[in-house]
Amino acid sequence: MRGRWWEVAALTLIALVIGLAFLALGLRVAGFDPGPALAALWSGAFGSWYAFTSATALRSVPLIFLGLAFAIAARGGALNIGGEGQFCVGAIAATVIGTHVHGWPAALAIPAVLLGSMAGGVLWILVPVVLKVRFGVLEVISTLLLNFVAEQFVSLMVQGPLQEARHTYPQSDPLLQSARLPVLPGTRLHIGFLLAASAGAVCWWVFSRTLWGFRLRAVGLSPRAAQVSGRINVPRIVVGALLWSGVLAGLSGGVEVSGVTYALFQNLSPGYGFTAIAVALLARLQPGAIVVTGLLFGALEAGAGAMQRDAGIPAVSVYVVEAVIILVVLLADVLARRYWLMRVVPVEESVA
Amino acid sequence: MRPRKGRRTTLLACLVLAAGGAAACGTKTDSGGFRVALITPGSITDAAWNSGAYAGLTEIKDSLHVSVSHMEARTPGEQEEGLRTYAAQGYDLVFGHGFEFQGAAERVGKEYPKTVFIITSGEKAIGNVAPLVFRLDEASYLAGMVAGGMTKTNKIGFVGGIELPPIKLAYEGWKKGAQAVNPRVESRLTYLNNFDDAAAGHEAALALIRVGVDMFHHNADAAGLGVFRAAKENPGVFIFGANADQTPLAPDRVLGSAIIDLPRAFLAVAREVRGGRFVSKVQSFGLKGGVVRYVPNSVLAAPIPAVLIQKVRAAADSIEAGTLIPVPREVANTAQNAPPSKDSATRAKPR
Amino acid sequence: MSWATGTSLLVGGFLASAVRVGTPLLLAATGEMLTERAGVINLGVEGAMLGGALASALGAMSFGVWGGVILGMVAGMCIALVFGAFVVIAKVDQIICGTAITLGVVGLTGTAYRQTFGAAGPGLSIPTFASLPVPALHDLPVLGPALFTQPLLTYFAFLAIPVTWWMLFRTHWGLSVRATGESSEAARAAGIRTRGLQLFVTVIGGGFAGLAGATLVLAQVGTFAERMTAGRGFIAIAIVVLGRWHPVGVLIASLLFGVATALQFLFQALGLAVPYQLFLMLPYVLALVALAGAVGRVRAPAGLGK
């Protein structure tokens, strides 16, 4: 986004209102009363401290991590569509470690679990990286295909080697107490939220204050120009960006297992990787904004649950709201750029 | 990016109510009446497992005149959130429709002792958390007997959605039933790892037909519709429905259905809870009591030999009497630490 | 039945299965390839397929199979038109817009389906295409039942390949499309109305995707289920890359996917002693191997996604 932060905020807010208006209209057409539905949406997302922490913020954690993961790669011009797959493998790695650290204090067990999940994510993205470097396979496609493989891989794990000791249910043994993330008392919100926010801060610092961040951006804007300049090893930067992307995506899986579910299941993610792409792009790949859009999408999905509980509206309908919000923001951005901000901000993109 | 509160003043009244709730508490608007909630792990349009549960909830609403609520929660995280929120809102009875709710319900149950949590296909009764176990395998066993007696190729096939305990159990019953009347029967099993992809169900069934299968059973919800389609397209292939009476899907190809009368079981539990007679224990529903049933297709009953019908009836009686146990429950408890079987035909160990 | 005829039936049935699985992928990928050739990458193809599937189910119930086909295509085109309007006219980011479109359609179809059919669903009441044996050819051993006893939509999908090839590489129109995909500025300088062209091609691509969804409903299962496309739209995008943005390549890649999927169902049906998840991975792993091995370095249209 070329504008200042308050312009971005205003735009997103307008988009949110338009999206909700669409929802209200759609509900009216479908024969529901929009008033109670929207009230439920709000109360499910922000209606109480509990709702905000345990539904909204909790859901935003994987979205923020995966959004940041997408952003790192995308800043360097590489599209990692495989966050979902790296999430799964990160979760597997976290489960393996989290169920085996008997006798470890939490201060060791938790870092081990999280580091393991990062390693899992890196391992999974290593395949597309190698395919890209050695064979020139586009990472968009390889990461996408690996999502489907990872999904089966999780299934294989929970039915096979990682299945609970009783071999009854397709789930792993629960993580040991010491391997579970601390939880904010009275809520379900775990410390992973702080980690996600800090990851956002670190990303911001790296992107805007380090040489690597500058080079990443240069590569993303024009790989050829970066190469020609002679100062930047383009493939190396891109590979590095993809690996860091894998780190964050894997970590999101580890955090979900050790903070929310405490065991590996087949259906851990409802498509976080997919939604996170929207989260990252909506935030214009800006880390700070990703934290905010992650929260917004977390709120919408949390609200959708409440809408279904309290007003009987199918939860899938909230996808329409998300879609409309994305489209409105895209459109408003274009219009603003064309008719308004063009005069304010120079043509060259302003650094966030 | 929260919307500013000035945006929608009309809503504010409701919101204040909600916002006023103390930590870990949602709204508790009308604590007077008995309230029942259902959380399904998938869409209630799946024509089987989840739609049956929703029918159960509707039945409770209509028969007991209580207020009900439903939500769909696909991931373990959302499922726990659902249980917790319903409990915090003061619901008296919450159904978690699948084994995957067990762990979360145990955690939540401790904090909300006033709510009864019923976990379908769960395993342990702890305090206010109690499982509801449906022995669909007993009905699938009877279906398997008919299949074993009717097959011309001696090959029977089963298409499963995701390899979950109740599905494995149904498969095991089906296989055992067929082998009980026909020892030469060979049983094949395909998993889709999916409950939505009807085209995949269709393709899986056609592949089974090519290797000689002529009797089908399924437990794949919406994806199972593809199996019916495949049976319809191939002369001489018959199928047995699952969860609901699925005869209408293909009246000339469905020989019978192994059904779970979820509404009946749900209503019974709701009555107990409301009447204060609820006792926390593993409630098992099988052929005895009629919640699980084998329903033959009355139109197509003619080609089934009378001897076979006699055998099936006798087996049903023995199961009800408890003298015949198709898939022993004890096996499930003694199967600890058994290495997972590699053979696909016997992969589904009795649990 | 002799061993030879048994085997020939098994192989024939296997090939038929591969073609059946490959057909919706082929249709969606053909449309996506056209779109991408004009420089537009449409991640909304999954949504267009799903929308096409629901519309074809509703259409077929009211107006018969042909009504279903037409409504399915129209739905796909409408969804692609919305996408096209955003990315071609308003020039918004293509990847995010496609993501949003798919997201929105999942929500819309889910809600609309529940409103129309309630919890009971349509069952198998939707009319379907019968398979149409090609005279003379369907008697061929092995290939006859596999390739020439298919529903009409399958033949259409395969006929579309030479037609698209001819359109893309032998007509002036095709040249304009490709020029636009390589560099829309250069194409515009050469007098091509790039925006209109991109929009048109995107809508055609959506029509193909809608038809792919309709194929699932009308030529395969005769029912609709929420999320029944199960990621096929994304596979189609992979197929376009695997097929190097060329109609023949797309055909081969679709069939490769079809063969791999049919193979996994066959392996499971044979009761092979291997975890079934490995079979379910097979199509995707094969695609990766194919990308790495046979395909080598591919070059996307230079203006793709811009």
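Per-chain residue numbering starts at 1, and chain names A, B and C are given in the order in which the chains are listed.
The definition used in the following text is that a residue touches a chain if its C-beta (ideal position, glycine included) is under 8 Å from a C-beta of that chain, and two chains touch if they have at least 3 such contacts.
Everything quoted here is computed from the prediction, not taken from an experiment.
Taken pairwise by the contact criterion, the protein chains are fully connected, each one touching every other. Averaging Cα atoms per chain gives one point for each, and the point farthest from that of chain C is the centre of B. One inter-chain figure worth recording: chain B and chain C are separated by 34 Å, centre to centre, where each centre is the mean of the chain's CA atoms. Distance between chain centres (mean CA atoms), chain A to chain C: 29 Å.
With touch defined as above, residues shared between interfaces to two or more other chains in chain A number as follows: 152, 155, 159-160, 314, 316. The multi-chain contact residues of chain C, meaning those touching 2 or more other chains, are 110, 114, 226, 275, 277, 280.
Shared contact sites, meaning residues of chain B that touch two or more other chains, fall at 43, 193.
The part of chain C that touches chain B in the complex is made up of residues 9-10, 13-14, 17, 20-21, 24, 110, 113-114, 117-121, 123-124, 216, 220-223, 225-228, 230, 261-262, 265-266, 268-277, 280. Across the interface of their complex, chain A is touched by residues 1-4, 7-8, 10-11, 14-15, 17-21, 23-27, 37, 41, 43, 69-78, 80-82, 84-86, 88-89, 99-100, 102-103, 123, 162-165, 193, 332, 335-338, 340, 349, 351 of chain B.
Of all the residues in chain A, the ones that touch chain C in their complex are 26, 30-31, 79, 127, 131, 134-138, 140-142, 144-146, 148-149, 152-153, 155-156, 159-160, 274-275, 277-278, 281-282, 314, 316-324, 326-327, 330-331, 333-334.
Put simply, chain C touches chain A in their complex at residues 86, 90-93, 95-97, 99-101, 103-108, 110-111, 114-115, 226, 231, 234, 237-238, 241-242, 275, 277-278, 280-281, 283-285, 287-288, 291-293, 295-298, 300. Only residues 43-47, 51, 54-55, 157, 188-191, 193-194, 196-204, 206-208, 210-211, 213, 222-223, 225-226, 228-229, 232, 248-250, 342-345 of chain B touch chain C when the two sit together in their complex.
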